[in-house]
């Protein structure tokens, strides 16, 4: 294993120390338990947004703490969900009295830890809601399974909800908005190479020089299918068609019901994309893929969308949700409405995402 | 009767087994997950192991298991953190205040742990998770008790059932956990969380046998 | 070779097509000859800034065309300098009548092509000046050799001079400013892996799993020295000390003399860093290194600077000057003055660098 | 006498040699540069090659070489683009307006090309560049002419000197070009640009020999 690290067991902590040193104007880091929060938190009267998940996906989520986005992020060990106590402490740190939204990717580990953290926070009188992101169309069937994973749509929801919180939306409004973003986002990814978890020291899987993994998640795990290497146009076609042709997707997700004071199963349906829809197109690097290649993906994606009568009105291209040094990419298409566009364009100032201020 | 010393030994043996099998568990998880199960479990049980001396004066087995649960919940993370955490939490409630465990107590402990995992993770038998190890072992223990077997004998059949259950995860198509994202490709691999669950029961048996 | 590309010979062009599709609000692309320019160029009365070099370093330079930075960028083939006719056409396209500054990295190829382009533009009556960046301390001796390469300081100069041009500085002032930035910037890099030039199809060099290359440039070429893998703290210590302990560096560089109407050799000296200096610390990924690892580098860098009485007042951390998918990093330290800080903080809006607007 | 047909054949043979040696030149550049010399040269000379038919009616050798120069400058890039471009530009000036070249014309062409490279690149003999091939070959040609040799004979000695010069680049420590950044590690490798320069002279010889 060749990495720019010291001891693997100190990797997450030392990386956060680097962030703390670099961005003391924006963020503060708490180490035991570990979370990153806005230097200005809590902000009285503002809904706080918290996300978290395993480390190894940087800049998500730790790089997105700041004005117009997250109030706190809870990084777990590499590819391992954070623990409930971490999340609880972060919640208490940033609670400005207007409630807290947890934005949670739909992985068993994340879901269970955030559910426990919701229960703990509520037991301490902190008003928390919990919205799941499950946008990965590579996962086909939802019945009796874990359902779809949360991937690219996560950070789009963080940006949009972060802006809404900044503009004074209340907790229910932001939870509704977050759910709506999730219902209109779809993603899929591929890998050219595996990645090496520092504590493991060798690649999670081996791919020959002629193979790629289709339908991967973001934890360095293998994908739905292994196939021969293809041109970027073919790869983009597969990803884009899988997203565009994805039918209405129906499943139940657990949300906290404030009236009942318990978890309820909510039935939710993603409407399929339609001609004339306005889209945000997000081409994401898994970490090791050069920006120049992402633009090749975007080129083909834009061509297909145009042919299909889909209108890309915003885009995001770069390494935002990574799996360490993995080579590969993912595409996310989010159907936008006027409100989402306005919130997307709103100013943001975090260590890894900045515009308008 | 199972006493406090047994419990502490069990935790120690389990922690040691996890340490010894850290890489094995991680490799199993690399095949159908994200290559961290051994690392996760070892992080949690190293903490538990370091806490064991502080339990020396603590006679209440329920309290010990509750502390272990909190340690696991706050140090493992991932899916196995809440699951093992919940297993120990519910187990601790089942034997709250007890300084010694009867055969019935052990049965209730195992059943409560399983129920906790089922409630938290919502997996069903055959989903290729630790449930496929925990569930048949509890059933075997209960059956053995019904047949009038000793605790040690019952635990032996439970471990045998766990081993069989673990083996049975290999041909299964995963429906919960990360392996489920692999679809058909999850077939042919042994479940990592089931493997650690088997080690947990095996450790308990070894302590009682000793 | 596994890459997200179509035919290698179309790589640069198709990547630019992707950029054109994604950023039509900011840039336009001309294909024959190839250059990218601001959608709003020429801007009458504003000095135009042009840079260029081989492709494969994205986002440099093509991602930095826009408000507050470059007016045009001329990408060559992968790791190959652009040609004089490309640069000339770009110059004519963005000339707003106030003259043009070429910011050129000190590589033989870049220098010669930009010199020819300077001569051609001047022959057509376009006022052009030419400032070289040579900041790579890994290259020791300057006498009778090519001298130091231009690396990290290049984009810092582009940002600072771009802001100056936006604020109405005239051509001589901007050339002086650019030279001053160059005289106060120092860089050094290392590689953990090689990279694969698409047209070649195999890695430029092979490193074993225990080796790293010290003192690399940005063209995937091997470095000054091959050594055993080290911890990130050790690597950072080597890079930082090489920069901090670099003595006064003296050499002659060629610049166009407007009065004489010919090239003149200018003797230039980089003063060494001193206790109390205010610095911009730039930790750059060579492309394939995760952001989390860059923060480990920054962590140690900040510690060393603090011990040495050097004050980091600004920082930049991420993949800005890459060598395709190469894993590794470089550190640049630039001594700042008030004017540079003001210009650094000024708004910028380009495809890959944005703040303030 | 060297006529227009010779020149066109020479350009064709050189272009073919570059194509055949594209990977070899690139490998040489991978060792001490950035792995693109063969790719660069091939891009330029493919363009030249495609232009050759359009030269059929063009009898002025100077004009032909000037067009070649412009093509190279606008298509090769890197260091070799300006250098080969300048070589051809200065060579074209040396034989401007000529439809046939005397031995003296060839000498002046070679000398002018070399001077162009020296002026543009500022390399000196021994810096491990194409100058180490071009310079001794011009000297050998000049000497042979002085001794009353034929153009063909003179070119033979020039190519022999070029080959020797190329071989001599191997132990050199590079002082110009990308290889110079390698310091001592540049020693022991043959210069890629010198290699293509040798192929250029060799192609000229082959055409005259044919």
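Note that the chains are named A, B, C and D in the order they appear, and that numbering of residues resets to 1 at the start of each chain.
FYI, contacts are C-beta pairs under 8 Å (C-beta built on N, C-alpha and C of every residue); 3 or more make two chains touch, one makes a residue touch a chain.
What you are looking at is a predicted structure, and each value in this text was computed from that prediction instead of being measured.
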Most distant chain from chain B by Cα centroid | D
Please report how many Å separate the Cα centroid of chain A from that of chain B, as a whole number.
-> 31
Chain B to chain D: how many Å between their CA centres?
-> 75
Arrangement of touching chains [line / ring / star / complete / other] = line
Here the pairs of chains that touch are A-B, A-C, C-D
Chain C residues within the chain D interface of the complex | 33, 54, 76-86, 107-109, 112-113, 115-116, 136, 138-140, 144-146, 149, 197, 199-200, 204-205, 215, 217, 219-225
Interface with chain A, chain B side, in the complex: residues 26, 30-36, 39-40, 43, 73-83, 85, 120-121, 124, 175-178, 180-183, 185
Which positions of chain A touch chain C when the two form their complex?
-> 1-6, 11-12, 14-19, 21-22, 55-56, 58-59, 63, 192-193, 209-210, 212, 229, 231-233, 235, 287-299, 302, 315, 317-319, 322, 324-325, 327-329, 349, 351-352, 354-357
